[in-house]
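Multiple structures are listed underneath, in structure tokens.
In the two complexes below, chain A is the common chain; its partner is chain B in one and chain C in the other.
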Partner chain A sequence: MKEENSLSLFREIAADPYAYLRRLKEETGVKMIGSTCTYTPEEVIIAAGAHPFRISGQSQTLSNSDAHLQAYSCSMVRCMLEDGLSGKLDFADGVVFPHACDSLQRLSDIWRLNIKSLHFDVLLPVKLDSEISKNYFVKVIGRFKNDIEKALNATITNQALQDAIALMNSIRSSMEKLYKIRSENPSIIKGEDMAAIVKASMVMDKKECSAALQEVVGMLSGNENKKDGRKRILISGSICSHPDIYNIIENKDAVVVWDDLCSGTRYFEGVIKGENDALEAIAHRFTERYVCPAKHLGVEFQMANMKKIIKEHNIDAVLFIFVKFCEPFSFDYPDMKNELQKMKIPFLMVEMDQHNHVDEQLHTRIDTLLEIM
Partner chain B sequence: MAGRLKATKKMKRIMRNYYMEAKYSKYLGKKVAWITSGGPVEPLIAMGVIPVYPENHGAMIGASKMGGRLSEYAEGLGYSQDVCSYVKDDITSSITKESPIKGGLPEPDMLICSNNICGTVLKWYEIQARKFNVPLFIYDTPFVHTEFTDEARDYVNEQTKEYIRFLEKTLGKKFNYKKMNLVGKRSLHAMKLWKEVLNTAAHKPSPMTAFDAFFHLALIVTLRGKKIVITYYQSLLKELQERNKQNIGAVDNEKYRLLWDNLPIWFRMRWLSEKFASHNAALVADTYTQAWCGVIDYIDENDFLGTMGEAYTRIHLNVGVDQMADTIKGFILQYDVDGLVMHSNRSCKPYSFGQYDIQNLIKEMDIPVLMIESDMTDDRKFAESQVEARIDAFMEVIKQKRKEKSEG
Partner chain C sequence: MLTLGLDIGSLTAKGVLFDNGSIVEKHLIQVGYNSKNAADKLMEELLAKASVTSSDIKKVIATGYGRNSIDFADKSVSEIICHGKGIHFLLPDIRTIIDIGGQDSKVILLDEKGTVVNFVMNDKCAAGTGRFLDVMARAMETEIQHFGELSLKGKNPSKISSVCTVFAESEIISLVAKGENREDITSGIHLSIARRIVSMVKRVGLVTPVAMSGGVALNIGVIDALQKLLKTTVKTTPLAQYGGALGAALLAQEID
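Showing the complex of A and B:
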């Protein structure tokens, strides 16, 4: 079945993203630029003829990074560093560090001092709700463009940027369609496969990705709406790329219908509007889509956004998945929790010691939430 | 023994009066702003607003050994075990009013948050802005990994103006530029005096220790821009210079000199200072208290508002690990220290991550390094016997080295 074919492409890439990237590099010789956060302006990298990909922190043991980072740093940061130090990323030509949380900020320093590759700091503002910071945001993207041009010895034309925007827009809108189809009709595709699609799309060749996504969307649309009576779950947090979580939930007569994850909607949310100045257009997407808790868009933003999602997608329960030691996400939790209590929406918070590993305890806790409901 | 610095008493009085004034601000017709420790306080002083520092309060909570308990309470509300304890102390105290100051901090009329020390404060001030339902101003200082870019300079300078507009709006009165001029000059003067105070520790034996610096720091943090800070540090400086003249050391029979990195362990100050003193070791300097005079060179006293943006952006915690290592190298030479003690502070990730690399970067200085893992206020995260054994072992290494050198 064709549908199975395109799905299996995503599954295969998600299972071993670095193997895919290594192959891509061998086959095309394209310059590979890794990114540590969804605030990377991928369009600029694409317009320079290079390939942007997300560093997902694949390492399970941390023998190298332990010499640089204390054990109370989050597993995202430790595993990314381990990937870098252990040579898992030897195919990468450079890495981008957008300013996000305190831990990523120091990761950039440590990386620069220990791993030889092109290094890009993108010194984004944290407050995004003033005109001054929006202007600054555009200038930062402009500097990144110059840095990339210099480092890769490339010229980035306005046309190339517009093309890259169009390409990324097509990926983002397909992804959004897919999410919406699934919210309407949760049995149409397994949660595990959805997670694989997002994860793969963060590393895939963008044209290949765009085409494959369109194929999947084409095949899934047009099916009649079937709300299937299962409890509808929202996952909230930073990174949750572990397929097991979706299965645990689906085995309990519930289903994840939406998320606000960096490894989910935060990656593709917000289509870039057709503006004359490409850099401005790119910056505006970042200041208008819904923001990461490490950024500021007013003091009520995270709560309001969650309420909106709950309403739009008829959410029955919220599962917060946090990476242990992560400050930005965990600080919002108590106030979010209070809001949910007022709304009488059940919720559970679980902390993952390692973002890429689901242990027994986590399994049991998720089971318990679903049973309580 | 040198005994306590005489200024200590005066300092306590000033702080008591300051908190009294803040507490009764409403009756005095004054507004209270909560502000982060690295935040631009001078415009507040110029506008007659009373600045209150939850971090200074956190330090007091820590020193009163209440930190673990207050953190635990906040954890009961859903805050994580693994986040900055200053935040948890403050959240708890603002609810339960538990505090070394009777009744806790006065409630804020506005919040001023600068992320030049960490991203944590952003979340912290968002939480309190929701709780108290007061306006929040964020002074956003782009991180200086390797360079302070032109656009970052424009950005912070624009924000200085935005900040003034915010104050005018919130207070409903025009900004007082004339007063600002004076406050700016006083602030710079105070920072210079603070630097001189810290510099006296280069003398052998050192007239003060880092523990003294942690204590006397409170004024430069909370009240810089006010005249009283200047007169206070002038008298402290005189006292220290006098000690130096008479060769009076803060630690009896000082033989070894150490440098401290990161925030203090507020609840173990005395224990640590006695522990080191028992080895005839004095912690003569630290990277933390130096942060309030490290950027003097960027400030133009005749254009404080126009230059404070850069100064506030380039502070010790807002620069790359390699620049931090350079600063540490400078202190090692200036204070002629025999060892470095690094507090790996579970609360403070921006200060602590990178400490291993700093160790690598200062290898050429050939001094032993001790790393103590703890927390600045959460006493649940301190393992006394382990720390004690490690300090003893570390001091043995230092003594051995000294011996080899002298036999050399």
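Showing the complex of A and C:
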């Protein structure tokens, strides 16, 4: 029962994240800074006394955003813009736009011209793996710190940054523990609940989140090493905003045990190391963790990462979930497909719009993948 | 053991009764808006046709879009697996199945034993499906039953570049306005659907021999266009529409 209570907090917040944020703002008066991508240095926002939250694109029907973006644009970006234009984010004081891909870059421009709020651009380098780009990234974070200080009229001390790093590290390490526990014992918690935990963690008050995660980890620890006979699935792609997919898979005697999603492991991957210069430490996490395909490092990098996950988590099949028209992932796919074929790992690629429901056709394709295995 | 396979598709519902290595009876009805009602009606009519009662049926497998709404089925299996099984039974040497139904199209690759090893399914819209042909036949004021034959009479197929059903229809209206003849436009329409299917075949990799299943397999124009583009024979069977239901009935034979 205690488990149910802890999980229900995450479920409730994930079901309506903006209602939670609106309440948080009313209760605390904290400044709310939205983020459009996991390359947002949340620690800097926390150190300024503000609250970072992920804009999840909650709109299910798009109308306002279609006046600015074509139907063949990334639906994640279209949904976020719809949230902004339709007033769903009226509690937000500002929004951060890391320039990870073209669509986010354009979203920043459209937002600046059409929605009144504080506006922050994080100009990511094109590549993230060279020494030059690492140094550049430190400067990018430094500039973001100055922008935040100016806009929020705050002073960010090194100590405040170190405290924020410690807080975010605690969230990331709890989340990683949770994922590992579940990989060891997939029956311990349902896939849709795991997705709710990650989604809620992206918007919750960070101290509340850290405590709630530690509670869940504490409750579930000690139940590892109970792998069941179900087929073990890896979800690969950018986001999976459809909890139904986890249920479809679980109804077919299979289970999602790991992912490389932006709405999953990429949010918590990489603990920030203790370095004297907090800004350097924050920047290094971004350049050292899994790199988003938008910052193309070559298919060898993507494949090496996938092979590592397949081995570590005994993956039986891969389900690629791409947001329609997301080029970085689509360009990598043919090579990934060839490699998986060589490895004789079954896989399926599906493209989805974020705001669409899971339809019967998708259901059929996922069922077939699992029936073929 | 008498088994029943039910394939509740987007437009039609098909049922096949199977026993002792052969089809006992088959039946097809329109689905309408309620797949559960369609399944009940199909079952009732099929049983009457075969003069058997529901207690004679030992196992039932449901497939197709409506598969999960059939509460009396012992199991539900996706139609891709069922089509593979059904077509392998009817045409044992087939390695690639092109299945074009009312609302989607699929290319299914089988191994020598008839097991599905890979598949692709159209995931964008109605382009390359039976619905596309319905809309185009209406635009050409032709009955769908005669649409394929009409396409064979085209000498210089018109160029239809749009894959979108809506845009293709307006493209056709422009061709009509230009005075292109009906046979050539119809021929162009069939080639356009075939080109779309061929791109899916290329995604899984063509392995011959090839067969077509699903309702559109009854359209000789699509088969002809596919043969031209794939440069191979595309077989079919008069039971092409029943491939999924037959596969389900066959899989039901394997239930313990």
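Definition applied: the second predicted complex is superposed on the first by the 366 of 373 C-alpha atoms of A that agree within 3 Å, B and C clash if a C-alpha of one lies under 4 Å from a C-alpha of the other, contacts with A are read in each partner's own complex, and residues count from 1 in each chain.
Convention: a contact is a pair of C-beta atoms (placed from the backbone, for glycine too) under 8 Å apart; a residue touches a chain by one contact, two chains touch by 3 or more.
Because the structure is predicted, anything quoted here is derived from the model rather than measured.
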{"item": "Partner chain(s) touched by A:Thr368 [first = chain B, second = chain C, both, neither]", "value": "second"}
{"item": "Which of chain B and chain C A:Thr157 touches, first, second, both or neither", "value": "neither"}
{"item": "First, second, both or neither for A:Phe325, with chain B first and chain C second", "value": "first"}
{"item": "First, second, both or neither for A:Ser103, with chain B first and chain C second", "value": "first"}
{"item": "If touched residues of chain A are counted for chain B and for chain C, the larger one", "value": "B"}
{"item": "Chain B/chain C common contact set on chain A", "value": "351"}
{"item": "Chain C-touching residues of chain A, taken from the complex the two chains share", "value": "350-351, 360-365, 367-368, 371-372"}
{"item": "Parts of chain A lying in touch with chain B, wherever the complex brings them together", "value": "67-70, 72-73, 97, 99-103, 105-110, 112-114, 121, 123-127, 130, 132-133, 136, 139-140, 142-143, 293-294, 296, 299-300, 322, 324-325, 327-328, 330-335, 337, 349, 351"}
{"item": "Chain B - residues contacting chain A, complex", "value": "77-80, 82-84, 87, 115, 118-120, 122-124, 126-127, 129-130, 136, 138, 140, 142-143, 145-146, 149, 151-152, 154-155, 158-159, 162, 320-322, 344, 346, 349-350, 352-357, 360-361, 373"}
{"item": "Chain C residues within the chain A interface of the complex", "value": "65, 68, 77-81, 103-104, 115-117, 119, 121, 123"}
